[in-house]
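When the chains are written out, they are named A, B, C and D in that same order, and each has its own residue count from 1.
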Amino acid sequence: MRDDTTKSAAGLGYGPHTLAIPGPSIVPDRVLRAMHRPSPNIYHGELVDLTHSLIPDLKRVARTEHNATIYIGNGHATWEACLANTHARGDLVLIPRTGTFADGWGEMARGLGLRVEYLDFGNRDAMDAAAIGARLREDKAHEIRSVLAVHVDTSSSVRSDIAAIRSEMDAAGHPALLQADCMASMGCDVFEMDEWGVDVAIAGCQKGLMTPAGMGFVFYNDKAARARARADCVTGYWDWVPRTEPEIYFRYFYGTGPTHHLYGLREALDMLVHEEGVEQAWERHGRLARALWAAFERWEAPGGLELNVRDRAARSHAVTSVRLPERGTALREWSEQEFGLTLGIGLGMAPLGSEEWHGFFRVGHMGHLSGHSMMGTLGGIDAALKALAIPHGDGGLEAATRALVAD
Amino acid sequence: MRDDTTKSAAGLGYGPHTLAIPGPSIVPDRVLRAMHRPSPNIYHGELVDLTHSLIPDLKRVARTEHNATIYIGNGHATWEACLANTHARGDLVLIPRTGTFADGWGEMARGLGLRVEYLDFGNRDAMDAAAIGARLREDKAHEIRSVLAVHVDTSSSVRSDIAAIRSEMDAAGHPALLQADCMASMGCDVFEMDEWGVDVAIAGCQKGLMTPAGMGFVFYNDKAARARARADCVTGYWDWVPRTEPEIYFRYFYGTGPTHHLYGLREALDMLVHEEGVEQAWERHGRLARALWAAFERWEAPGGLELNVRDRAARSHAVTSVRLPERGTALREWSEQEFGLTLGIGLGMAPLGSEEWHGFFRVGHMGHLSGHSMMGTLGGIDAALKALAIPHGDGGLEAATRALVAD
Amino acid sequence: MRDDTTKSAAGLGYGPHTLAIPGPSIVPDRVLRAMHRPSPNIYHGELVDLTHSLIPDLKRVARTEHNATIYIGNGHATWEACLANTHARGDLVLIPRTGTFADGWGEMARGLGLRVEYLDFGNRDAMDAAAIGARLREDKAHEIRSVLAVHVDTSSSVRSDIAAIRSEMDAAGHPALLQADCMASMGCDVFEMDEWGVDVAIAGCQKGLMTPAGMGFVFYNDKAARARARADCVTGYWDWVPRTEPEIYFRYFYGTGPTHHLYGLREALDMLVHEEGVEQAWERHGRLARALWAAFERWEAPGGLELNVRDRAARSHAVTSVRLPERGTALREWSEQEFGLTLGIGLGMAPLGSEEWHGFFRVGHMGHLSGHSMMGTLGGIDAALKALAIPHGDGGLEAATRALVAD
Amino acid sequence: MRDDTTKSAAGLGYGPHTLAIPGPSIVPDRVLRAMHRPSPNIYHGELVDLTHSLIPDLKRVARTEHNATIYIGNGHATWEACLANTHARGDLVLIPRTGTFADGWGEMARGLGLRVEYLDFGNRDAMDAAAIGARLREDKAHEIRSVLAVHVDTSSSVRSDIAAIRSEMDAAGHPALLQADCMASMGCDVFEMDEWGVDVAIAGCQKGLMTPAGMGFVFYNDKAARARARADCVTGYWDWVPRTEPEIYFRYFYGTGPTHHLYGLREALDMLVHEEGVEQAWERHGRLARALWAAFERWEAPGGLELNVRDRAARSHAVTSVRLPERGTALREWSEQEFGLTLGIGLGMAPLGSEEWHGFFRVGHMGHLSGHSMMGTLGGIDAALKALAIPHGDGGLEAATRALVAD
């Protein structure tokens, strides 16, 4: 019988291909199905009602009772939107840095004419809230107008304690806005906009919100709304005022809305908010992340894998950055070709395409993800370690299942 | 037998519902199917290749050999994008006005800090190129930096002669940029960016390009590229420089691309550019429009319908604005409920929701449209005229089929 | 401007293509969407509940309080199923004939070992119930075991009066079963299984029931159930006993069920039974058919079109057979290539592909059909008549819209 | 932070749900997408060409150069079809039995009027070809007309050596037909119709062929074709003669074809035959099965799991039956609710729903399956064993990954 004698490792990549990059994440079948429909009327009827219904549910995800706006755009668009609505040219913003997305936000700020100051915490550790507090206390003149904090940096997978930053800001009596980038975290890692005292939060649809890329969300509270008054670089497209509770439908999007995405988002929010529940989704992501960490902590070995973030408390529940000197790209390629699993490239740790860059990869575990998804992905990494003879400790997979079922 | 005795007019609205509003237009099944897929890898592979392939085809649609950029956004986003890349604050732009979308573009320009001057041609006639020329000749100081001309105003359905404007500009020796809004027209009405001397053109995906709303396109030539140098209100998101022929994929969209829309657009461009052909699509829209005009010209009657644009040469091939004093809304509602046909509301002719506003409607006939679609739509209007006892001339439908098959 | 000078008739076929053949009919987007899903568990859960829910709704469509069974198969399968459950080899069945589908049913009966006797009423007239009664009265020995009556013959579009046949059977005191083929009619033409005294009725999913081809339905009452006792050619697959109210799910289909079709049918029945209502769907089809007849009656001209069935009372509301000597194929081809409309070929009137065969075509107007669909189709025929210079009377289209809105 | 204190095991079932039952299997996105389309013309054009193209590819999957036919129906329909075409009433068929599907085939044979004799090999071992040979040698009168051998019994997961049966038949000089049920195996387990001397083979679309349930396939060679001559229970619907290379399209299916399924099957065959290759798919299934066995062999423990089939050579590569006294149902339910994984119920080992029945489950691993799928499924079982404190050996998952990458 042929199959007993043929033994090449090739071919396991046939079958359903799984994407485990840190965004876009896996889109549920239901969401895709909801988007497979004729274009609707954009002046009245179903789409208008549906759009109204999204706003309160988005607020439930961000945990705010304040304002939610939807932009057709990506995460970069929401960076520009939140800054344009809260700043005047020349304003100084303070950016505690834990990865490359802090750089990106700063670049965007400079493009708007703002001045940017970084507090760099490297790529492997959470922000030191006390250091931020110290800097704010130095700023007697209250020149710093915003602290721009990336909750989870998608590149490094570092998660920082946003509530602690607020405490320091309050303790320092500093009036700056606290703006949080929740692109990678929203719907996955615990985030409490109002409770934590976040003034502006941004997120996208294509990660924890399980909808194809193309929309971003800006949440803001009353303090941020007041900052809008002195904003002098806000333009028609970014202005959040007419987009918030608009009387005329098209003002939601300043023009034609993203019709099909809205249907998709409605379905995704039904799943996240009304079926599973946001807190339950956080728990699920937490449990899945702990399973992943358990596996990696067993696999770690000299010359082998290492989780980029050493402190469990500073690790995201949505994305995990991994160091694997020299072999990261090889592991990704084996997984993709031989196993049907696409892992994320390293980002921000070394110049793209450089020798060093090949020593990193990332696992996306955000959004639509089950125990089955996670164990399949870990199984792929375990298989790759064996196939490529990468040094690794034993027992990773079973450590993962133990973590999955732990009390 | 029951069906011989029951005679209510109700119920014809069951069955396939047809949307005939001037955007979003009907999305082909093939495009929806192409978008119904898992999220792809955004770093390499299929999506990257596919995105590269879109650019030359978009240029074929705009008829330019210069630059094409894709923005996640709607038409308003492209208004902001084109202005931000070509102007400094305080610049004066001249807007010949033939409908409400000229007002919208001007509002956007003011939001960017530009000064706006209108030449108003009302809502029923094309722009008078000579009048534009006269104004430019007055502008000895060349204070006017752009002429912003809406090719087809979606509200009034007026189409203007863009090439004639260029001739006047050239005759006046005026260096202003000629920017054309082709939102409603691209892929439907003849438009020749390079041949007509247009410096910047904008369009969206959800009309003639048959893709769900969510992307806009900005085309620009070398002269416009030079204007970029003095632009002082361009921000990171709008900057077209990195988006044009980027070395790194994510620069196309300054962040995550609109993954599913790109698959949809690829399919739509296959249909428009490679199967039907752009020129053939123009011919089709022309033929269909002439059929519609033939019907309306027969239907016109005192106290009844009247095409908003009297001069055939000034009528769009993609959208038709109709005047029907007092009864426009009634006709739309009958069509929708009793016939399965959604017509567009009047826009820009009277305050939304006012008494007068009820005296208008629009027919969208852009993009994915066959003879069957057009005759179904005209049949709906003819049925509504009869059902509502609106005065109208006879023979409209047969005038339409005659026009469809005319040499 | 190019479009004013290019005048070829070609190209109207781009855009949405419309299928107007007498089955398969147009599948609603909602039904396709409902079928686009992962395979479900077939042992318990959603699919099982859903399947149970189909049975009462199918009975509502057939207007019976008796039994409904679902077969994976086409119309021919249901022919075999209904006969196999009600007959012993050698039984005589009487088939009043109004088109080629009567021949097909008879061929199927012969394949099962039954004897077949036809009463031929040609291809253009309804069955003469009195003639059937006369034949039954002659059959003193009650050798005839079933009268197999095609309600609407899809080939000729002749509709017969099934209730009248029952009256004659009762008047003759004849015990034969009355079996009705409602393939083309169910959900479109009025049909009352119980009220009309029909013992067995068959239908398929791909016409009035708006679901992709692949399932057939057999309805039967207690009298038919009793006939099952003497059936000696029934096999495991056709046996309707275990399929009727089965205790174990897989008995519904004697094996694996047609998972995706069941989801599709659920959606279609939601539309037909719970949203529009069966009686309202009949009314809609009646009104649409009268509009079609009105157009054709105006178009009729020497050397031109002629409706195959002259008597309005004998015309189906779901399909219309048309005679157009020599030019039928030409008209179909023009419609398809130049207008985006696919009409049905003639069937059963002349040998397929023969010279005479080119003199027929059919219009399908069953299932998911609005006023817009019908006027688009009639517009295509009107355009074809003009394009091909086929003699025809004026005013067809407006006669149709008048009929659509008539009290 | 909430997620660190909440520790319930619940909730991992959110996210993508995975079906791992032995049919229907997972339908690839591409196949579903191919089926999401308007109904096509069934008389000429694309669908007709596409259908022709399926036949040679189906033969490639069955590894035959003879005849392939497509039936709208399920596996039971193909049982009836193959028997009806090859037998006269009263014929004796010999059924070597390795599971409950042999019983089903025999029941079907009896329903057709055939006489059935079983050779029972239990539920855990392959057929003993020598015993079959011995029985055939006893049958001097050649009363046995067919040997009906289930290649892989979906209930027990026993795979038998079909070629060995042919050798015995040849050695015995017995003229009976060898008919093989490849429902569970085709496209997964090695099967060589012509090379192994199989006269008739049947399969369905919803397992290794990755298409939604609703079609079955009957393959037959010239010897079987000759048997057709004496078949006296074949009816119109089952007759394979007109279905084989028909001149008129509708004869393929004796009536309307399963339009959408044909599009789906085309896509599935593109994947299986033209992209991966049938032999490569066999290799993939073999490798995945060996990984599964490796895990189970490690997990086996007193009071715990046991693979139903002890002999590796007798195990299917497509389905695995597992014994887990008392806890089988509990494990399935945990997997479904807590992990997002649906495993198959036990079948044929004990009366459905009985106490003993709860001691079995099955894993489907047929068709569209990657390394990721398999490791996710094994991860779910490992997690369930731990969560439910079922005795089990260690190291199952890593044994699986070792097997996946073994030379």
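Things worth noting here:
Following the convention adopted for this analysis, contacts are C-beta pairs under 8 Å (C-beta built on N, C-alpha and C of every residue); 3 or more make two chains touch, one makes a residue touch a chain.
Being a predicted model, the structure only gives us computed values, none of them experimental.
Using the mean of the Cα atoms as each chain's centre, the chain most removed from subunit B is D.
The interface holding more C-beta pairs in contact, when B-D is weighed against C-D, is C-D.
Separating the CA-averaged centres of subunit C and subunit D is a span of 36 Å.
Taking each chain's centre as the average of its CA atoms, subunit A and subunit D sit 43 Å apart.
Subunit B and subunit D, compared by their mean Cα positions, are separated by 54 Å. Under the contact definition stated at the top, the residues of subunit D that touch 2 or more other chains are 17, 26, 29, 32-33, 36-38. Partner subunit C is touched in their complex by these residues of subunit A: 29, 32-33, 36-38.
Residues of subunit A touching subunit D in their complex: 1-4, 6-18, 26, 28-29, 36, 189-190, 271, 276, 279-288, 317, 338-341, 368-380, 382-383, 386-387, 394-398, 400-402, 404-407. Across the complex, subunit C meets subunit D through its residues 17, 19, 21, 23-27, 32-33, 35-43, 72-77, 80, 84, 107-108, 111-112, 204, 206, 212-214, 233, 235-237, 239, 248, 253-261, 342, 344-345, 352.
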